[in-house]
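Presented sequentially are two complexes of subunit A, the first with subunit B as partner and the second with subunit C.
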Partner chain A sequence: RQVSLIRQSLFDQGFLDEQFIQLEELGDDANPNFVEEVVSLYYRDSVRLIHNLEQALEKSPLDYNKLDEYMHQFKGSSSSIGAKKVKAECTQFKEFCMAEYREGCMRTFQQVKREYTTLKKKLEAYFQV
Partner chain B sequence: MELKSDIEDTLTQQKQQKQEQQQEQHHFHVLAVDDSLIDRKLLEKLLKVSSCQVTCVESGDKALEYLGLLDGLECDATLSSSSFSSTQSSKQEGLRVNMIMTDYCMPGMSGYDLLKRVKGSSWKDVPVVLMSSENVPSRISMCLEEGAEEFLLKPLQLSDLEKLQPHLLKSIDHSCENNTKSNKDKNVDDDNNNCKSNNKLSKRKAMSPETPERRPKLKGLAVL
Partner chain C sequence: MESCNCIEPQWPADELLMKYQYISDFFIAVAYFSIPLELIYFVKKSSVFPYRWVLVQFGAFIVLCGATHFINLWTFYMHTRTVAVVMTLAKVLTAVVSCATALMLVHIIPDLLSVKTRELFLKNKAAELDREMGLIRTQEETGRHVRMLTHEIRSTLDRHTILKTTLIELGRTLALEECALWMPTRTGLELQLAYTLRQQNPVGYTVPIQLPVINQVFRSNHAVKISPNCPVARIRPLAGKYMPGDVVAVRVPLLHLSNFQINDWPELSTKRYALMVLMLPSDSARQWHVHELELVEVVADQVAVALSHAAILEESMRARDLLMDQNVALDLARREAETAIRARNDFLAVMNHEMRTPMHAIVALSSLLLETELTPEQRLMVETILKSSNLLATLINDVLDLSRLEDGSLQLELGTFNLHAVFKEVFNLIKPIASVKKLLVTLNIAPDLPEYAVGDEKRLMQTLLNVVGNAVKFSKEGSISITAFLAKSESLRDSRAPDFFLVPSDNHFYLHVQVKDSGLGVNPQDIPKLFTKFAQTQSLGTRNSGGSGLGLAICKRFVNLMGGHIWIESEGLGKGCTAIFIVKLGMTGHSIKSNLPLVSKMSANHVHANFTGLKVLVMEDNGVSRMVTKGLLMHLGCDVTTVSSSDECLRVVSQDHKVVFMDVCMPGISCYEVAVRIHEKFTRRHERPLIVALTSTTDKITKDNCMRAGMDGVVLKPVSLDKMRCVLSDLLEHGVLLEAI
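On to the complex of A and B.
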């Protein structure tokens, strides 16, 4: 009831895409919490990647190759769990990296973090129900 | 959070792991290479659901190490492949790898580099599948030309593994009671023919008509 409404809104509002459904489908009787396990790994991994990005963004001049590499990893894992909005911001960031547009990278990074934090809160609420 | 159900979950998982270990000999063994923790977890699950035995490593170097190809540990590729063709094993005792699936973009050795190394070694007859989050046609062609069996786009789903079915289904010789006999015969023949390049063509042809039929079967055959 409430669970399915929350779940549906996550898709309707574009936070999650069909990859999340694939994760749900991979759970079974022996391993019913597969989605949560993967999402937990994602949080752990993301903390590390966000930290790397923050450090790299403090450097002067910016190493755009390194930034792109880190963001590529973050985009990849976000994509693998179906984090649609986070992935979109990562793509934007990568584009600014390619263009070596410092302001754009800075701004978009804040958006990446914002979307990530929002998703994390929503998923935590969802899994608790 | 219920402690009792957690314990039950652990016991169930342990039982499952034990069963898996006992059945290792019969399963299609895939070596999965990816620097991403999340992608390794996902790929491992997708393969297990498809009744495969999986070994995950985080880099091309680790993959080479696993295959015994680091630092000239292996005898060179001039060794006749016929002695290995039927079992696809290496000089390592009983090491059997039926397929390698590797990410393309990895720090250090790329999936493409790994592909080249494998194809130039005594493991050259093992099918290698490349994966990437980026759809770059020239990259895909390059890999296929170098001998990659297939190039899959991430994020991976079960439907992607179904493209690999001609390889995977050879291993499912025990899980479906109805088809056991016919599958077993098929498995033996396919194993012997596996290394011949002409078989690749027939596998590719076999894929399209069979795939829709296989879809429900695969789910039914998954060992749980």
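On to the complex of A and C.
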């Protein structure tokens, strides 16, 4: 019951969307822990991508195309698992990237990282239960 | 004395006289004997002698005469009676023959004489024939010369060569001393020495054209003998000591293209002529013969023809050069125009995106701002910002749309939509504004108008909004009525649309919309201008209405694109106006009544389809997405192979794979290229796996590119389980994805 409460709160608070439900549906007798596997893969992937982004953001002048590429990847992964807030921040980042607005990019990236870490903590808590 | 039977000579023997007589007789006899011999000899030699009988007679006569004289030889001395008898006999015979001959000769001598006359006659005749033959021969030679000259002249189409050759050949044929050609100058008042035979570069002598001698030559088409002292002939210093040779001049007609008729040789007096002057060598006693003059005349005519041909050729070459230049210029202009169009299109393409994005940002953020806490002044300010930016956005859209419309690059986005709903929506949009202005709006939809139609919903609504909006804008009071019904041929009684015909067909119907208002109306003279861009009638109420004047122009183009017609009727200022448009819409099948995509219909039928063992290849470079898609497909029972790069995909793909899912945003080789290569690899359709693109954006360009690369479908990420199920069943049933986004 606690599990479902936590799960429901995640949806209500807008951290996750329907895609997550889809992933859950994919788990069956053959792969009972499909969701967890996907999510762990997501963590591994994201660490790498965030690292790339950080490095790219330290350069000056900024290579907006590269940034856009990395963020596209990150957005893709996030939308695949249904990370709603993260995806929204990624979209915002991409907008600022297209507008070549450095300040906006930096600020949004921080938000992306914040949302990501929040989500990660929440998901870890969810899976432990 | 014994009596001998001798006969005494007549006279006494005189020794000397006798001797002479004796000798003469002897010689006469010899001659008389030899003459026939000669005659026989020569006649035998000659083959023609008609009178042999006469000869025989004559021969006999002579022989006998000779015999007589011969026998006479013996009578000078004492001779026996035998001799006398023989003598007498001979004499008698001679007498007979000579009489016969004399008689014969009477007949023969006239004949012989006439032979002589005939001979003389024949000789004269022969002399005459000889003369005539000489004449013919000269004529023939002249003809040959003419032919040769003509050949030389006509073998070239270069004016200069023609004339030069003429002079050279004439000079050679006729053995002339000098030959010159005088051409008329541009003004036509003078003749200028253009070509000469002997002098290499004739200095520009000119001679006025109105000289009597020149007129004389020009009047006749024969070669005319002129005096060697006249100005046209005095072009060389006198070389000889005596008389200069005879000079002949002939006119050469210069034919203009305009009066060159094939059938009648023009005999106009206003023709231009050139003058050809030919001089025989001085100090020779030569005269101009008739055949030479004829030759000259013929040559002059030929030269005229050759010159006209040369002129025609020059003209056509010039025309051709002109055309080529024009072609080049036109080509350049076309390329410039194309460049300009391309530049404009590029500009539009860039501006399209660049202008719309900030506009959307402004509009979106201002609306967001309105939802926050604001003071009334702030609210007012933000509302103004929003209104202005909306206007600006509309304006930008209009301009961009219009440009695309003019380009012809705008295509209607056809789809099934609810027709009645469109009207209701417009009505709802316009009602608040109308009620503010205290205008009554009524909507009447005919019951026989189909509920659903196939067409471009967005643009139809745009047109309708524009027309109704205009009606509201230009009415200060009164009412606005919107009527929509099915158009039939009878309803087109309007003369303003004379060239618009309703083409009845099974799949289409014509929607007739009429928006009538009781507002300001339009001056009938201004009606044609209403639909032109940027033109606004400057009547009283319109100056504050705003708008760019593009609205109706755009509506007209949309309506035309929809195969219809739009026009405005108005009685005049202050009498209201009616806007009417007719558009062609497609009829939907009766089975489709809902607006839902076909996918759900499919899903109802195939939800239990089994994909067990279906071999599928997934190409995706994002690890998480790859895993998710793989999990999705495996859940549906497929046998999934995943690859993370295009190269790997091309390596791994085989006939066993029934479907290939590929992510559109792949680094390296683009997915389109991969699709093309897969097509190349599997040429037969049943061997080839079906290719589906997974994309996160839904714009038309991506769809088009996918279709062009030969893909069988496009799916929007993220894919839900149901969607994937539908996609697979669709693919397997139809071999192509009908509707997936």
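Observations on the model:
Note that in this section the second predicted complex is superposed on the first by the 129 of 129 C-alpha atoms of A that agree within 3 Å, B and C clash if a C-alpha of one lies under 4 Å from a C-alpha of the other, contacts with A are read in each partner's own complex, and residues count from 1 in each chain.
The rule is short, and it goes like this: contacts are C-beta pairs under 8 Å (C-beta built on N, C-alpha and C of every residue); 3 or more make two chains touch, one makes a residue touch a chain.
Just so it is clear, the structure is predicted and the values come from calculations on it, not from any experiment.
Shared-chain residue A:Thr91: touches no atom of subunit B or subunit C. Look at A:Asp29: by the touch rule set out above, it reaches subunit B but stays clear of subunit C. With both structures placed on the common chain, the touch criterion links A:Gln111 to neither subunit B nor subunit C. When the two complexes are overlaid on their common chain A, residue A:Gln19 makes contact with subunit B and with subunit C alike. By the touch criterion stated above, A:Glu37 is placed in contact with subunit B and with subunit C alike.
On subunit A, the surface patch touched by subunit B in one complex and by subunit C in the other comprises residues 19, 22-23, 25-26, 28, 30-31, 34, 37-38, 41-42, 44-45, 69, 72-73, 76-77, 79-82. Residues 19, 22-23, 25-26, 28-34, 37-38, 41-42, 44-45, 69, 72-73, 75-77, 79-82 of subunit A are the ones touching subunit B in the complex.
Subunit A contributes residues 18-19, 22-23, 25-26, 28, 30-31, 34, 37-38, 41-42, 44-45, 69, 72-73, 76-77, 79-82, 98 to its touches with subunit C in the complex.
Subunit C meets subunit A in the complex at residues 357, 621-625, 627-628, 631-632, 634-635, 665, 667, 696, 717-718, 720-721. By the touch criterion given at the top, residues 9, 12-13, 16, 35-39, 41-42, 45-46, 49, 105, 107, 133, 154-158, 224 of subunit B touch subunit A in their complex.
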